[in-house]
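In the two complexes below, subunit A is the common chain; its partner is subunit B in one and subunit C in the other.
Right, the complex of A and B next:
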């Protein structure tokens, strides 16, 4: 705690922004985020939008995996549910700004229904049940919803009051606004009673049940909130892209989300997801275009990162950063 | 449905069911000693199947190819145990799932890299013989897959049931501390279980490659075999045959029955069956129900 800061109420002590440095960095960060599209070119804006979409999706999986401790490999397909709902609505004349929340809620409902058989399952059985869900949803996309491997989104649905939201600055600010909202909600989930119940289920589900936590309900809620974020990410993916195909929502996408969460830092919902998305999603796409890497290298690098972080640094990049910070806090003295 | 179709579907179900059982056995052997899933198994099967394909394509003969692939599988199992399972001892089961999932990706990447010339797939060079039993026709690939997987299953089950080594491995799986107290080499036996799982995975991969053709999609069969393993219950070794057969029959008859209305439904029927069984019996048909203490 920095010197000279005195908290007089419990509320002030529990606030998200507690210290002057938080307010300063928030101000600088907000200015940088708002000015980013003026500085960066079109490529930079597109990269940032793609990063934010995967960041939002990763927040959802981080709530499921990091807070509630349930491994889910259905996140890509749930993102697909949101994307196809938004695409269907947009192509039927609904404005995209209305389609986005509807798509997110649809994905949440699908996620809640799919969580029902997993009520009695835990750990590895749940991981496998989520693979089953992923495969079944993927089959539905392939056979019924998107048999032509591609749906073009009508551009007219992305117009609002004469502004085209589908690219450039309007796209950036729309996605940024939704991402900020998503972050505020997610940051508060972890501090609420529900978030504490999830952490209890993660640490020891039998003890959680003994102290009176409704374990199946908590798991189902975690899945529902996670699916909501996945659906939101899918709907924003529709907003940012001229068309979608089911290839983007396969098991590979689910594993990429898991890699983002595990490498970034499971349990640190906001910053862990952001770091993970920055390294795994954006970092990889920049590196791949710089060195023209092939699919095999991607598999090896991604898999290696997952394995190394799980085995050697379970707290993820956040844990590494914290150690660096601790070292420099007293620098140049050792203690 | 006339008799001929029922006959050929039944034979097809039995063959693919036994192949699934062999592939699922790899998951169960690891689960018994580490109480978690080894999701690197699909990658290992893919690697071994391609290794056998490449070696046999060099004109070295299928026997050498099979021997080399089993060696690769056994070694990969040992490496997995030493590199991932042992450092993660005492952590939650989810950690091993995530770590082996990463290794699955590494193995898949390695396979793509070194099998780049053969990546589109192929078939092992088997003598082309067709046996006819009334309306049912068996190709040589069917015979090889069926006999190999049955022999493999029988020998592993027999080793587990009747030999001293099998008793020791069961003891380590049941209670590692107790087994160590009686002087059993727990680490070596755990590593051996992983090695045997890798060996079985490699041989199962070759059987699968003979039956379904070597292709980049072999690992999706192994994920389906994991469904068989869960239907049977993860800690049962002999029950796996029933699980594999249930899945084989469901898949063959399901895809035939739904072929008109739901093309390709056979690919997911395994998962539907698995979700159904898990909803009714969360520990599978033959799995031990756990009574938990804090």
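Right, the complex of A and C next:
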């Protein structure tokens, strides 16, 4: 009788779920996720929806920063592009389920344009350029798109076949469904040739070019896909809220996304983003709620966490968990 | 399934069930409850505080017949700006709200049928970010099941107005936007900004002013709120608007100087400042520095006791503000003001800390207390926010609401929540003192309609 798990076909080797534990965890996770709104109440549902929205947004930044190595501090504004597009369409009679993909694509197009500076810049310079982009987009939101400090979203656009998607269980399951799709796509981006090209660009763009990778195209695709996710998160934000305002898409949102990626685990697109969103976004919300913390405290906490993780745990929480797992796998031996 | 897989599965299940249970405690209870009867009329409870209010309430099933023996807990949300661009006036307002809640809880709030109501609250600083306000609103509603909210800014209150009506939550705001006047669940104990501004324009006309300049933040809903009405009413009275200058709500001295420079060539007789006090004080100082003789009239949040200190003595005789009420310092003998000072004293504040902003927070809570006093315990328990709304609207056809002579008698009618229409013009004169002129009102013009378009 063979010991261990053997993969006998290429298909089995390339499968996303390769081990029995994956299938078991997936089954348990799916049941729990589906049952969650039945036991958690409206506040729990809203918190979970918010977590999923930031998780989706963080996946996008993890592709740009974690996978392709391009620092971006404009992710909050790109989320805003998606949100305002979805809000505009929803308020003009387009059903939100149609507005969501259109908003994501619009953000992707804007992101592709914004990728242009990355062809010539990298590192801190690119980070500064992205802050400029953030400020420009924010200015556009404030001045032209949302001069009244907020847009109320039409509720009729959130109805489909008599079901209101903007609250409670219908909202939760809609966002959950989209999040699952987003995760499947993102997980496959990381495993594809494009994902490997991004990693090559991240590790050494000169070497990547030498081996035949089209570096500008790879960077542009990373920004485009990352922005698509940001736009998707923005559109879902519109679905989940009765109104939106540019304050949600400011530099602090971009910093929050960066903190999610760095604390969760840069380059670990799905699990790193999920852990980061859980700790930074939801954890912060609950802490702020418990201690009535103000916005200034948030900057201090986020800044401190980024600093601690960059210095002490560059692989993020996912790296920490991996070491814990390794420890138990080898226990009682040290190595 | 091997044992390792099973173990991991169980651990994951415990974590998820734990998280769900955590939310269920807050979400489920908060969702269904607003008022909680106690089984005994205990001594006055500890005043509402953020910590105590954070405890979710249980569902009320009180029988009205046993109401006299019981106490109802009423959960409310308090939305304030203590760290954002309007915190220059928001901090003292928040103090006033908290002091009033403690004061009225200690003094005792009773429904029409004599049941004591203990108001508990949860306070959130949203830093004048409407998106955060929406987030906190959902927390108030879904986690704490609030029946009423003491709110703050114009943009967020306007954006939430339809939602609070749908959720039947009474919303007493510090925004007096004219757009809120027709919203069914929104109330404030003052004339709307447009009516206030129109009254000021009327006063300008009476002072034989011919030209008027507008200084306000072109990107802030609060600042912009009365502008359409001012323009329409000025045109109606034959006044000329000679400048429409963008002055940031969070202005620096440079911004103020730039704004004042734009007025140099126009030399308007009067200028309207539609921002909060910090911004208006900087603009007044800059105008004085440039030697303009223009008299600035500021919106209610743009002018109070601190103005001379912030703008400098040079502005004496050149600045005024509108105020729907006499400031605390100037009406101490009125019963409402006595209560205000008592509340401040109990909150540990010195008399000099009782200013207009503190009073604004206090009277917003007092309006809520009046609503409770005008309803029955049965209605409060069963209809919650709707009962409070109906209680305030009962003033339309019965006794008006009186806040100890702080305000004129107030009437809120279904479809038009405009408490009264007069304001004082508070002039900071050359003698270095404030003088209350009026009350004045706009004449023959519907400024609310002019704002709503």
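General observations
Definition applied: the second predicted complex is superposed on the first by the 325 of 335 C-alpha atoms of A that agree within 3 Å, B and C clash if a C-alpha of one lies under 4 Å from a C-alpha of the other, contacts with A are read in each partner's own complex, and residues count from 1 in each chain.
Criterion: contacts are C-beta pairs under 8 Å (C-beta built on N, C-alpha and C of every residue); 3 or more make two chains touch, one makes a residue touch a chain.
Only a predicted model underlies this, so the values are computations on that prediction, with no experimental measurement involved.
In this superposed model built on subunit A, subunit B and subunit C occupy separate space and fit side by side. Of the two partner chains placed around the shared chain by superposition, neither subunit B nor subunit C is touched by A:92.
Of the two partner chains placed by the overlay, only subunit B lies in contact with A:128; subunit C stays clear of it. Panel annotation: after superposition on the shared chain A, the angle at the CA centre of subunit A between subunit B and subunit C (CA centres) reads 70 degrees, nearest 10.
In the superposition on chain A, A:143 contacts both subunit B and subunit C.
Of the two partner chains, subunit B is the only one touched by A:299; subunit C is not. When both complexes are overlaid on chain A, the residue A:241 reaches subunit C alone and has no touch with subunit B. By the touch criterion defined above, A:192 lies against neither subunit B nor subunit C after alignment on the C-alpha atoms of chain A. Superposed on chain A, the gap between subunit B and subunit C at their nearest CA atoms measures out to 5 angstrom in whole units. Looking at subunit A, you'll find residues 142-143, 294-296 touch subunit B in one structure and subunit C in the other. Contact residues on subunit A toward subunit C in their complex (touch as defined above): 20-21, 24-25, 28-29, 32, 35-36, 39-48, 50, 142-143, 147-152, 241-248, 289-290, 292, 294-296.
Those residues of subunit B whose C-beta lies close enough to touch subunit A in the complex are 31, 36-37, 83-84, 87-88, 91-95, 97-110, 112-113, 116, 223, 226-227, 230, 234, 262-265, 267-268, 271-272, 274-275, 278-279, 282-283, 292-294.
Those residues of subunit C lying in contact with subunit A across their complex are 1-2, 4-6, 8-9, 12-13, 16-17, 19-24, 26-31, 50, 54, 82-84, 123-125, 127, 129-132, 134-135, 138-139, 141-143, 154-156, 158-160, 162-163, 218-221, 224. Of all residues in subunit A, those touching subunit B in their complex are 65, 69-71, 117, 120-121, 123-125, 127-129, 131-133, 135-136, 139, 142-143, 204, 206-207, 210, 255, 258-259, 262, 294-308, 310-312, 314.
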